[in-house]
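Naming follows writing order (A, B, C, D, E and F), and every chain is counted from residue 1.
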Amino acid sequence: MGKIVTLGEVMMRLSTNPGERLAHAQQFDVCYGGGEANVAISLANYGHEVVFASKVPNNALGQSVKKFLNSYGVSTTNLLFGGKRLGLYYMEAGVAKRSADVIYDRLGSSFAAITEIEWDLEALFEGVDVFHISGITSALSKEWQKRTIDLIKFAKNTGVKISFDINYRSKLWSLEEAQETIRKILPYVDYCSAGELDARYLLNIPKCSENKGIKNEMIYYYQEMQGMFPNIEVFYSTKRAIYSVTENDLTGNIWMDKKYYESDCHHINPIVDRIGGGDAFSGGVLHGLLCQNDPQTIINFATAASALKHTVLGDCNQFSVSEVNDFLDSGSGKIKR
Amino acid sequence: MGKIVTLGEVMMRLSTNPGERLAHAQQFDVCYGGGEANVAISLANYGHEVVFASKVPNNALGQSVKKFLNSYGVSTTNLLFGGKRLGLYYMEAGVAKRSADVIYDRLGSSFAAITEIEWDLEALFEGVDVFHISGITSALSKEWQKRTIDLIKFAKNTGVKISFDINYRSKLWSLEEAQETIRKILPYVDYCSAGELDARYLLNIPKCSENKGIKNEMIYYYQEMQGMFPNIEVFYSTKRAIYSVTENDLTGNIWMDKKYYESDCHHINPIVDRIGGGDAFSGGVLHGLLCQNDPQTIINFATAASALKHTVLGDCNQFSVSEVNDFLDSGSGKIKR
Amino acid sequence: MGKIVTLGEVMMRLSTNPGERLAHAQQFDVCYGGGEANVAISLANYGHEVVFASKVPNNALGQSVKKFLNSYGVSTTNLLFGGKRLGLYYMEAGVAKRSADVIYDRLGSSFAAITEIEWDLEALFEGVDVFHISGITSALSKEWQKRTIDLIKFAKNTGVKISFDINYRSKLWSLEEAQETIRKILPYVDYCSAGELDARYLLNIPKCSENKGIKNEMIYYYQEMQGMFPNIEVFYSTKRAIYSVTENDLTGNIWMDKKYYESDCHHINPIVDRIGGGDAFSGGVLHGLLCQNDPQTIINFATAASALKHTVLGDCNQFSVSEVNDFLDSGSGKIKR
Amino acid sequence: MGKIVTLGEVMMRLSTNPGERLAHAQQFDVCYGGGEANVAISLANYGHEVVFASKVPNNALGQSVKKFLNSYGVSTTNLLFGGKRLGLYYMEAGVAKRSADVIYDRLGSSFAAITEIEWDLEALFEGVDVFHISGITSALSKEWQKRTIDLIKFAKNTGVKISFDINYRSKLWSLEEAQETIRKILPYVDYCSAGELDARYLLNIPKCSENKGIKNEMIYYYQEMQGMFPNIEVFYSTKRAIYSVTENDLTGNIWMDKKYYESDCHHINPIVDRIGGGDAFSGGVLHGLLCQNDPQTIINFATAASALKHTVLGDCNQFSVSEVNDFLDSGSGKIKR
Amino acid sequence: MGKIVTLGEVMMRLSTNPGERLAHAQQFDVCYGGGEANVAISLANYGHEVVFASKVPNNALGQSVKKFLNSYGVSTTNLLFGGKRLGLYYMEAGVAKRSADVIYDRLGSSFAAITEIEWDLEALFEGVDVFHISGITSALSKEWQKRTIDLIKFAKNTGVKISFDINYRSKLWSLEEAQETIRKILPYVDYCSAGELDARYLLNIPKCSENKGIKNEMIYYYQEMQGMFPNIEVFYSTKRAIYSVTENDLTGNIWMDKKYYESDCHHINPIVDRIGGGDAFSGGVLHGLLCQNDPQTIINFATAASALKHTVLGDCNQFSVSEVNDFLDSGSGKIKR
Amino acid sequence: MGKIVTLGEVMMRLSTNPGERLAHAQQFDVCYGGGEANVAISLANYGHEVVFASKVPNNALGQSVKKFLNSYGVSTTNLLFGGKRLGLYYMEAGVAKRSADVIYDRLGSSFAAITEIEWDLEALFEGVDVFHISGITSALSKEWQKRTIDLIKFAKNTGVKISFDINYRSKLWSLEEAQETIRKILPYVDYCSAGELDARYLLNIPKCSENKGIKNEMIYYYQEMQGMFPNIEVFYSTKRAIYSVTENDLTGNIWMDKKYYESDCHHINPIVDRIGGGDAFSGGVLHGLLCQNDPQTIINFATAASALKHTVLGDCNQFSVSEVNDFLDSGSGKIKR
């Protein structure tokens, strides 16, 4: 089992039940999540030693985040307390073809408003195998763009593998800003979650012109990205066909040792909660890499982990290695009795 | 934006959760609705000035109806207080192929038991563009059959456009009664919601004999109805393919300027609540007519509005013009973030 | 209408909502059920006189079981009070392809721990038409294997028809144990719920070698079983195609008078609660036999009853004869209003 | 144990949670009750054979009433199905000094609208010890005033003891109407629930002039009533001091063999649900009379039963004889473990 | 009936159930409130014409605020849409002697971050009788301190009466800041909510030295305040004895025409929700002033309105004039039936 | 801060809401607790390093226990997985004078059925300051009586202080058994929770004959117990006056350095959940001892901690040191804002 550090913002999620609109809600369901926190929990579920570094306000809500992470066995020794508020987001559940709607409310959050790196980085990265961070963190502010690169460089210098999830969100920063920062980050990255849209819009790789079927197109994009960043050992992403909010097809793929591997397609219907599906996938890939599994095993496991995430409420994966493997072996919808 | 009056009964709905039977329920969800009230709310959501005329008991339940309408910005200046009880209906949610079941309990309601027209009609219709009423109101009693015609005539004489939704319910009156009343009403109507079954069973139009495909059949029925009632400017209706309680296909069509227009087909799965889907459609058509949109725009908007209604709990539509248009442009089931 | 006795364990079920894992639950839904109790309730719903014999602890939970059975009109004169605890099981609802998971907790239950037959059998079986029991009861212990046979022999000697549902559960006993007991029981049985897997694994009937399509295969298995146990008048079972936890196809079939009959296929989507679907089917078959309906009517009714059970929460069927027949006639997913 | 018949209307109760107003409720709790039904359930809990005669609509709500009564072991062989609707009432829970508020909605209910006695009275009263009915039934209509007397006379002639609870409700009939009917009924009554207000306002007994303390005042009223109706064997009533909706003192008293007996005072805080407290008291008195307990035992038991009723939600008592006696012996608020 | 404008921030309240801590909550109850909004709703309930001026974000949460105000009939024509977020606060319900705990999260809210007065003041105050505002608004920022005074001056110049609730909150500003601003405001005020602590700490009036009993002490403070601000026509405040979170005594008093009037003491147990109790009191006083009631009637009504507010969930009063008067007449905790 | 080990059974609690009876419940609230686990959580809340040793089944319920303990920061390195089931208990909430009722269902639980000590005791007790265990553990079985003594001896020999809570439960073992075991344990104990009833019934100390007031009586009992067990450094207990299930007075006292100290009396009304109140008290005392606070500080803190526990749902204390101290300083029932 490995030792992993992830760092990012963790938010409260306030959500409505399906069929209820935000403007009519008299109750919200409360949970906690964030890209890097979700990956931390996945890896803790799989038995790895995981530290999640972040900052939350020194009040009951900050305590709630701590309890939440501890309940999954994630170390909160680097969860700092201070600042003014916990970032949050509202989610109106989607139904049928009506999309879910998210209202971010993270202005001035304890994490976003940090003015300097407050963690003891030497202690944080000591003995760590992998440092995972996402593009969302850079997107928080100009300061966080610089700070993300500093953190990655520091970790890299300590001999830690860098895992990066591009995770572009147009609501948070422009393509131009993202391009500039992402390109500064990628030369330090070892494992990278990046798909076709990332290749085309953030790295300006031209659209695959020949019509060779979807599989070959992804090979083309991975080859092009690999050419630009030969340092990156592993690329991975998912393809998702969306029939409705609650019915999707999901296929995972990975580019490793310059070869392309693809999982079976998972038909997921109904989807209970899609938020965090990508983080569960990243967590599954990192688990496979830390266990030095073969690429086909890695991508099968990671995609199954992501499919399972879609069947539970909340941002984070709640399944162990054996549960993911059981699902891979016999996921059929039968009753186990 | 226009000014609209709708008039009818508004009831309390007491409903169970899916999977629970009425005879076992320990809790009911409470909401309020009725055909004309639902149309009123749709139009208020779209920014029109809307007055809903009705009568409710002078108790907490009557107040609840008032609060409900006001929360959507519908004027309740013509919501009278008095009489003995609020009509209500129980709804056992359906599941899969098991149909939802409705028990009406509207005997002796404040609205049904009115003995004369209690609204100041001159004031009510002053400056009004459209008066909307449905066949359900006539179905309440012999008295209401006569009264409906009186109301329509009065409004017509004041220069108000008459919108009428046939909305035949076999539980409330016989075909013979309905035929007689409906035929007295239609000569005063400008906009009419009427489909194939209305044409055949209420207006005795013979079944379309040639097998020309569904689209042409509707043209035939509209042409025949138009022939009978040349005064009617617009006919409209929906076609619904029912796969299960929670999976339907919905297509809207409209006959306007003696031409036929049809929306795309909306596959709705799952349906959260179908009650009020037809009223949301009527509300959408009236909005388009009030805005003088072209027929294709009108039918696209109205059908999308109806499809959206199926995704929220409660009898009434809860979407604004921009939300309906967003859904038309990009309804895909993605998360907006 | 007939008089029926069923005998078995009744348990409390503690279940989570879909999307929630057992390990995170802060609330459980509570209901009661068990194979023989579920059949008892089905038959009481259909208007038969039904006695359910069992044993529950003399505390509030035992009282709760009594109230539950009485509410459906099942006689509890043979529900004994005593012993140490009420058996229970936890159910984590499945979602999409993730199976539901059941944790049994019936160790030392009042029923399982009985040391001798405590009911007055003469009184119990007096005037009774059918005695129904399942293989789950035999699976509880060595003592219960012997006791089951004793009960069946006693009933048989009193002139009561024996209905037996093999209901093999690998979590409760081994194939070898089950084979031995089942083979001792079947010579006394009149009506038997047994499918292909029972034929092959419990009765060692070789797999149907010729590829004649599914219908003929079942005929082969019924013929073989009939050959082994000429005393059995009726065999019946269902075929289930599982697309996901909430989407199944269900077809029922029956072997009677040495002929094979099959129901239409019911596409059930979504399934609200599958537990007890087989018991609803058995209840439907027994109802048809007691009413001396023809085989096709029996299998149509029983399969519809089972399909309906999938649309309600809880282990037991909650539909009357007329509701099942309505569903058979017009199950379409429309609103009845 | 005795055999008892009670007859009256049973209604659905729709209630809000404390702190929530009717006009804002989005959910109602559902339960069932009515004076005579509540007494029936109390006596069934105590092990007596009880028949409740009433009429409910032949729909899911009528079925719900049947299930409810059966779950307590009350016989529903004389629960008729038919008529137009189930009577209901809404209850806004009170808080502190703000009173609970009740809106009756029983206009045209299946029971109230009965046009003739529909039960087979010979069969109904055969072998019955006590027939219990209340003044609420007479209050429903002129027809019910006459019918109540007919029912009482019939029962009396069959040798059944008559139990009558005056239960005057000013919302249902005037003092004059009540006086006239009650005075016609009382000459047939054996056991009568009547308090000071009944004595003064319905029987015109002058207010006790001498100031002898509360105990003696009740003796005076009982003596006066006894003088007017020497046929009545037992009078009983409670005294209630109301500090707030949720804090009351309750003392029961009984006049039997021309002597006065009084229970201890029960301080009840908090009261969970006061509705049905009087019926639980009547049920307790009837139980004691049927068991031929001594008057002090009867009044102690009945008052404790009523106090316990205040601690559970719903109209009806849910405690057994041993639970009431345990409470009498050791009601202290400790945890039993 | 009068016409009133109130202006201030309206926030979302997220609260836990009693007995549940914020750090463990999986659900929050959602409601909306704010001092000036609460007063607006009270006055609308009493039948006055009320405009609430504020600013909320142009998203579903802003819409929710609008719906909430409209449901009570408060005009939202001056509810502006824009800015970045809706201010909110979390409330952990208190129990017994454990206080409720509030976490404000209003940093950067749409209302607090206004940079200039965005309402059309001439239109806003046209024909208005009273403008009500509280010290909380001034406490939001230096800018709001100045802006509050500008608003008050503008209204005053238009001939509008100024109602001001000092409402000092130590978490929002220091005593020094408050003193400076409050003293600038009071010379323009006509009706002022101010108690002993306001007199002593904000206006530096020395503690009443003679021990004359509570009533005279308040007279002393009112006299002193009146001396400082002869322009103020009415002072009012409450005295609260706190036995626990859910048990308080509440007495209201008013200083008018240089005389002191006091209500009866209301013992409130249990308190369902104390938030907004002061605003309900202010609303009651303003109602009395607008109706030109005599001082004793005013203070009785206002204190009863405040006591009633304590019995309902949510920040705002939900009672009509007749309900408050009923409570004054007969508040006793009885069931009305 | 200290290091503490506690060891015992942890159970699932299934409870009803106040006003609802077990026999009618359709939902249970789920939480986890047990005497030693509750003390562990209290001490972890106060910042100590705490290990809880126990055994739970290797299923989702065992995982749930682990998550629960981890969320409070309690180490689960000595939480073993295995055995057949998780012990549980049902709790019907009490109301007013009606006591709460508990049904234990711990027969054959993973912890109770342990056949030998399965923890590595050397590792478990290394560097530990205090080992806490209660009489409930000994009460589970003869084997556990012996095993408890072995564990205590082992810990004692390693230099660990022994904390013992007598916690006699008559439902689990007889007085004679308890006397014998407790007397074998006490010679090894350093800190002992024991009150008057323990002194009189388990240690046969004669009732204090002289009537010197409650305070002196406890001194007498402590003196007597101290005489019998001079090794015990600290005795402590609470006095509880029970007015109803939800209204108690609570006073703590401690005997330390042969002197008696007593806290203020806490009037607790309403009590939300009394279960675990004693464990919170023990946790508070141990915290004070570990911090070497003076006796008066210790008893004040511990009693406040216990009083606070009564205000939250669930078996365990959820308050930090500063929250307990805040409550001591200003517990008044005000809103903090």
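By our rule, a contact is a pair of C-beta atoms (placed from the backbone, for glycine too) under 8 Å apart; a residue touches a chain by one contact, two chains touch by 3 or more.
Everything quoted here is computed from the prediction, not taken from an experiment.
Steps from chain B to chain E, taking the shortest chain of touch contacts, total 1. In summary, the chains found to touch both chain E and chain F are A, D. Mostly identical positions are employed by chain B and chain D in their mutual contact, as over half of the interface residue numbers are shared between these two copies. Taking each chain's centre as the average of its CA atoms, chain A and chain F sit 42 Å apart.
For chain F, residues touching at least two other chains, in rising order: 21, 23-24, 26, 67, 101, 270.
Applying the touch criterion to all chain pairs gives A-B, A-C, A-E, A-F, B-C, B-D, B-E, C-D, C-F, D-E, D-F, E-F.
Chain contact summary for the complex, chain E toward chain F: residues 18-21, 23-24, 94-102, 104, 169, 171, 242-248, 270, 274-275. On chain F, the positions that touch chain A within their shared complex are 67-68, 70-73. Chain A makes touch with chain C in their complex at residues 266-273, 307-308, 310-313, 318, 327, 330-337. On chain E, the positions that touch chain A within their shared complex are 14, 21-31, 59-61, 63-64, 67, 84-86, 90, 92, 101, 103, 105, 107-108.
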